[in-house]
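All chains are identified by letter, namely A, B, C, D, E and F, in their written order; residue positions are counted from 1 within each chain.
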Amino acid sequence: MDEMDSGIVKKFMFVNRKAPHGTVYALEVLEMVLISAAFDQDVHLAFIDDGIYQIKKGQAPAEIGVKNFSPTYRALEGYDIEKLYVEAEGMAERGLTEDDLLVPVEVLSRAEMGKLMAEMDVVLTA
Amino acid sequence: MDEMDSGIVKKFMFVNRKAPHGTVYALEVLEMVLISAAFDQDVHLAFIDDGIYQIKKGQAPAEIGVKNFSPTYRALEGYDIEKLYVEAEGMAERGLTEDDLLVPVEVLSRAEMGKLMAEMDVVLTA
Amino acid sequence: MKFGILVNEGPYNHQASDSAYQFAKAALEKGHEIFRVFFYYDGVNNATSLGQPPSDDRNVTKNWQKLAEDHKVDLVVCVAAGLRRGIVEGNLAPGFRISGLGQLIEAGIQADRLVTFGD
Amino acid sequence: MKFGILVNEGPYNHQASDSAYQFAKAALEKGHEIFRVFFYYDGVNNATSLGQPPSDDRNVTKNWQKLAEDHKVDLVVCVAAGLRRGIVEGNLAPGFRISGLGQLIEAGIQADRLVTFGD
Amino acid sequence: MSVLHTVNKSPFDRNNLDSCLNHAQPGDAILLIEDAVFAAMAGTAVAGKMADAAKTFRLHVLGPDLKARGFDPAGVVTGVTVVDYGGFVELAAQNKAINAWL
Amino acid sequence: MSVLHTVNKSPFDRNNLDSCLNHAQPGDAILLIEDAVFAAMAGTAVAGKMADAAKTFRLHVLGPDLKARGFDPAGVVTGVTVVDYGGFVELAAQNKAINAWL
């Protein structure tokens, strides 16, 4: 793990704006997030717009022949990735509440989310 | 050309909803349209939504390193493809008029476009 | 009834090819005929013989191949779109064939219905 | 200044890789350094050795290769995304190398700026 | 004879559904698949628009795509019919042409 | 230190630009590239929104992408600055992070 320990700690944010299953981005962003855990960075996950659907409870894609990767969001805590943020306005627009989400998250207003994003050093969006 | 002459003539419509250059669809739809000319079908081209940008005059993609295929729309007439339709509402939204377009087209209202689409046998969208 | 199917996007990145496959399977189960599946745009990437998706995920290319084996479905990859993107005879998965765009227009003419799946 | 570049989409279907290439070229011309270009999602398709676009169009893969030759730019294809989509050592264009996703995170850490191009 | 329109994009992200609703003819069938299924659920910002659309069009949603995304087919907007892939095939067969709003 | 936001999708087709405008902080730079350059032109249905946005953000558009699509860089909304790829690089260097609204 030597090469991963650069001594530099940056604020990383993975911004999820896309729904799961219709495209691969949600799944492959999750793979990025898991790898990032090995680098001891300050990792943040934001779920805004259709990205909120990624952490909807009860996903069951067996009939569409696609892997159900949503349980992996629950495993993030085991990788010390605990800074998950969801936007309140986006949830309301989609008729969703915190009870619909499969992981504990911090609910932020759009204004708060914008301020948080502005503090980041590296923003990865998909 | 024997296999192309099935004796069946269908109403084909190629519906263009996407802008050129940002994605390849406009270019590859045009390749479809050119091939369709060999099959003696009743071919229609519709330009709606961002598809209208495909026939904007003055395209010059040299600096982005991409081929300028827009002159091909002018060549369609030589293939007897002359039924080109553009939606009025879409032009207005984008601040465009018929003078901005590089080929002669029939301008239809959204309602007329919907009715024309309903007459088709085969609709190819991209 | 004879269906033609057009697949506009590559595997995994978009659900389009999965949806097309599920549609084709359901049509065959109902006794319909699949006249042809045509792969255009990034859809040509469905035909790569080199894909190795994780073992716990579906293999989109294998799904298509099985459909071709079991029901003799004609899987046609556009030659021009394939050349652009590096899908050629050398890495074409068995069960697919490479041909011209005319095969799509022909499917539009000969099939009773043409169904498109894309982005 | 050291730039990292992330390319999310394949060649031709989206302008993303063209934009990334133009950005990289302009950065080098201004005397900046490109720490790494990382190809993820369908971006791995930029690295195919089998693409043959029409002769009157640009060749996106060759553009990247020339950048690597002239400026020793590190072009890295994600191994997992490549396996899924059929970009492997056997069809990897010279100038690209295959490695893990950690190389992207490293670019985020080591480069002064990370710029993403996608759909 | 009527047309089947398919829509596969989220109504919160893209204009595909709006463009479809603006061009489809009264009595046409519309099928929401993939990321468009979000438009079928009650309680969203577009639910009112869908309830209105159900008066003009025959609205359907693909159940397997709803379930994949964690939504209960019982919670769709009134007037929307849930179908499986077999139902999708039937809709394609019963209408004279299929217009995919990509 | 401010952020550079890039937007590459048409404002008539997708919500990327709106989401960017809703999250960017006053003084941030926004660069329209690829199919987002349509938002920079005067006379469109979104020109008023862009003129407003120019009061809060430093708005830029990529000239080569405008020209590719047949638009005259002279016809952009007041307050929008036209840059080339070199200008894009400078914007990326001058702001502390780049947020691509994909």
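Here are a few things to note about the model shown:
By definition in this document, a contact is a pair of C-beta atoms (placed from the backbone, for glycine too) under 8 Å apart; a residue touches a chain by one contact, two chains touch by 3 or more.
What you see is a predicted model, and the numbers here were worked out from it, not measured in a lab.
At the interface between chain C and chain D, two copies of one sequence, more than half of the residue numbers in use are shared by both copies. The chain with its CA mean position farthest from that of chain D is E.
Compared with chain F, the chain whose C-alpha mean position is the greatest distance off is C. Put simply, the C-alpha centre of chain B and that of chain C have 25 angstrom between them.
Distance from the chain C centre to the chain D centre is 28 Å, each centre being the mean of its Cα atoms. In this assembly, the C-alpha centroid of chain E lies 33 Å from the C-alpha centroid of chain F.
Shared contact sites, meaning residues of chain B that touch two or more other chains, fall at 21-24, 49, 64, 66, 122, 125-126. Counting only residues that touch two or more partner chains, chain C has 8, 12-13, 15, 19, 22, 41, 54, 57, 80, 114, 116, 118. The set of chain E residues that touch two or more partner chains comprises 8, 12-13, 15, 34-35, 64, 84, 97-98, 100, 102. Taken pairwise by the contact criterion, the protein chains fit none of the simple patterns, being neither a path, a ring, a star nor fully connected. Across the assembly, chains come into contact as A-C, A-D, A-E, A-F, B-C, B-D, B-E, B-F, C-D, C-E, D-F, E-F. Interface residues of chain E facing chain C in the complex, by the touch rule stated above, are 6, 8, 33-35, 64, 84-86, 88-90, 92-93, 97-98, 100, 102.
For chain D in complex with chain F, the residues that touch the partner chain are 1, 3, 8, 15-16, 19, 22-23, 25-27, 29-30, 32, 112-119. Within the complex, the chain D residues that touch chain C are 10-13, 41-42, 45, 48-54, 57, 80, 83-88, 90-91.
Residues 15, 17, 48-49, 110, 113-115, 117-118, 120-123, 125-126 of chain A are the ones that touch chain F when the two sit in their complex. Residue ranges on chain C touching chain B, taken from their complex, read 6, 8, 40-41, 80-81, 100-102, 104-106, 108-110, 114, 116, 118.
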